[in-house]
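In this document, chain identifiers A, B, C, D, E and F correspond to the written order of the chains, with residue numbering beginning at 1 in each.
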């Protein structure tokens, strides 16, 4: 079933290992990085919002807007 | 003729006014009053159709202005904080160009007369850049002399004008109202305008309509 | 302290005024009056040293201002038709920058107080581009709150201000005069300013000095 | 406003969409992982070598999905943008904004993998060929869209301005797609043809599986991003406060 | 329908004549860019000939891009744009007028100047003719497409780079077909195909772009 | 004496940061001009290497020239320039501050970017270093000389061309010595002489030009 004979063959990709793996690594890295960055920015946003809400509660102005689409 | 209902204005995260409604009929003058930053300019721009209201509706002759589109624009004349004149052009050229762009017929004699009415005789051919502040405002206001469109929306027309010119412009507005026109006006100066019905709308934290 | 003699102003091929002379001492207020285009702005700019007079001389503490140069500029504060604020900066930044450039000490608290005095509390951190016309003028005028230089030259400071702000600025000028300052002022609005001596200078075809 | 439209409208409100999206995200991640593993297995381990191109052709399993997604996401983004311009749904602007960075990433990846493929195949990283140029323009359009939106403070205005740009840029998509037909270029013509595929079936399968993985990935990431944007934009509303309080507990 | 377009064109041309240096600075920029390159590269005719279409087209493109930010900015600042938006005609027509005026002020003079500058590059008569024709057809597209960018970035924080960022990708096809036409003539393959594509781009640019531009202007005025 | 200069620099930098795209647009323009040329000319390394100094220097010069008109125009329009002229310090010092700020905003980033772009042209490490140094020394001269032109444009009505005509001859020596320094390194004759001439030009440009500029500004304000 599997086409390759050895790991070295697999990594060499004929003569084109550099190109194939260059593509693969960049693509994989970006696709892994994007969700990680997103999750982190979401976390920091939530922390910021919570701080802001607490500050508002403390000086008690800025009533929350009703949702009006 | 001009009606608004339940108008709301939101700039940035600040709500300037809400639930604003009024009605203005032929020959009536509406004074918009309010402290600096209360939203008078914003309201006028809404009435022009330049700024979409956050909520509410504006109707002209019973129809929403968004629907009327060009037909509405053909009936209104707006004068904002900026003079909308080109500093490189002369008063005469500015006036003629403005008329051409607004698709109104205006020949050179009429334009010259209008400029003379506003005390700009002798400056018709001087580039507006050289004019004094008040003279520039006068060039912008010279449009009103031959303006026959029914709805005038004027944002602080009297700024920078001297006493004589203020009277003159007040006279122009009065004549317009006499002819059955409508006018909405903001100003911080006390100015007398001859009008059948004068309404007043105060924009403030606590809104008071008439 | 401020004296002019035989001043003449020529713009293009038009002579705006000639033979103008006056004298202003500590605590005195000079109203420049005149119709639009009579040369008030031009006269103020001459008094600043921006526009060289066609003839005549301006003296400050007895010396011609051309000779005094920087020493004269260090004693005057000019506010023109334009607000000289940057639309991209916030009111606070504008005020601090103006002070730094004028080589005057101003710390942030003072600046914030000044802005609050002019009713801009809550807008300190909004870019000036978003402010209303009157609010922009208020930012420009906030300089006056901490201004201690003796000679104020103000070109229509009340334009676009609402009634409350006009009173406030009139109060600032009054206090300045009380402290022994001098002020030259143009305005087309009738404004009451508390001053010991009020002089008036009317620029018109037929000049009348006091 | 008819009742049905009103319901639609309610569903399209951020308040209703936020929790729904939150529940969908894990499923799309799972699907993306599944298709991804299958596609890579087929493409890199099972598929035989290509007669002309040697092993270098395996870039196809990355290049084609990335290229397809870059175009497809643009269309979806323009669709949402147009919807927002026409009907003023709050959600649509947020969706468009959420899709753009992912689309830009795939456009970049299409260029990157294409360039890395071009060097061994054509002997050059880059030519000013119609397809390559139009794909580059696509990347620029994405970047321009993002830059334009981030330069405007007011989100409503940013949405509208972005929508106009997105709609103007749509003309580029058919150009990318048909460029190989309209001009005879260096770039390969379309070989995925359902009637008679010129590619070995295994290759085709690998490619399709990888494309599906990218698709699921895009949905998952876009949903994540749109949720973030919703929180940011609606931070002054009651529902965001309640939502955050609920998540904390 | 024609009167408002004409009125805008007349006004813009008159303004341009009043500050003639604006036209001149675009032309001057064009001349400088084109002339500096032979200076920098050295005088071998064969090399210059190869450079010529690229340099001339890039220079024309940059010169046009330079004048774009001012297309609407002045009118925006002094309130004229508001008045134009309130005119009874569709704003798109007015923008069309402005696009045409912009071309008359920037594109046309560039085109007329190009053959003179082309001589520096030792181009043949035929190549010069094709260069001029390609510019004549292509520059309207530049003005039209540019209007969209200028309108979208109006009043936006730091609009300078944004205009180039938004517009440049859309300019690339014009550049490719334009320079391609001259190149094709030089290599003897015939410029017909390039020129007709350029014409299509120009038509689309001039007559389609005013509408999105007008929509963008209305947003800027909000 | 330093405080007003510093105050102006701080203000201008803050404004530039507020509209970051202005800096970016200069850089973007630089990148585009530099990158479009190799694309237009073709990829032969020898030819590219020969082109490199000329293209990079011309691009830097054009990019600087682009940002010049706004050097004083914004301050002039909104009345800030009047206030600057009325400040107790000599106007020349304030202009000096503006020149330095202008360099920090345009010249410095260009310089930092140049070696990266130079790689496209297959330049050697040494050539890249000299290129960077030549730009580092030369770009202040561009800002200084340019200030005179910008100030004159404010005053002299409708003759922007005349000003570019005045400025460009002054820019050409900078271009020649700057590009010459890199060329000399490539041909192995040593860049020393060119660089010291460039430094002299820069010193003169930065410290002498504020005074005529200030005079021109006063005339513009009359």
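One rule holds in what follows: contacts are C-beta pairs under 8 Å (C-beta built on N, C-alpha and C of every residue); 3 or more make two chains touch, one makes a residue touch a chain.
Given the structure is predicted, the values throughout are model-derived calculations rather than measurements.
The chains that touch chain A as well as chain E are D. Of all chains in the assembly, none touches chain A and also chain D. Relative to the C-alpha centre of chain F, the farthest chain centre belongs to B. Contact count check for B-E and D-E (C-beta pairs in contact): higher for B-E.
Here chain B and chain C face each other with the same set of residues for the most part; over half of the interface numbers are shared between them. Here the spacing of chain E and chain F, counted between their Cα centres, is 26 Å. In whole angstrom, the spacing between the mean C-alpha positions of chain D and chain F is 41. Mean C-alpha positions place chain B and chain C at a centre distance of 29 Å. Measuring from the averaged C-alpha position of chain C to that of chain F gives a distance of 37 Å.
Residues of chain E found to touch two or more other chains are 18-19, 157-159, 162, 165, 168, 222. Residues of chain A in contact with at least two other chains: none. Touching of two or more other chains is recorded for residues 12, 81 of chain B. Interface of chain C with chain B (complex): residues 11-12, 34-38, 40-41, 81, 119, 123, 126, 130-135, 137-138, 156, 159-166, 188-189. Taken in their complex, chain B has these residues touching chain E: 48-52, 70-71, 73-74, 76, 78, 80-89, 93, 97-98, 100-103, 127. The touching residues of chain E, counted against chain B in their complex, run 3-4, 7-8, 10-11, 14-15, 18-19, 77-80, 82-90, 94, 218, 221-222. Per the touch definition, chain D reaches chain A in the complex via residues 9-10, 13, 15, 44-49, 54-56, 58-59, 62-63, 66, 90, 101-102, 105, 108-109, 112-113, 116-117, 119-120, 217, 220-221, 224-225, 227-228, 231-232, 234-241, 244, 247-248. Against chain F, the residues of chain E that register as touching in their complex are 18-22, 24-25, 28-29, 32-33, 36-37, 39-42, 47, 50-51, 53-55, 58, 62, 66, 157-165, 168, 179.
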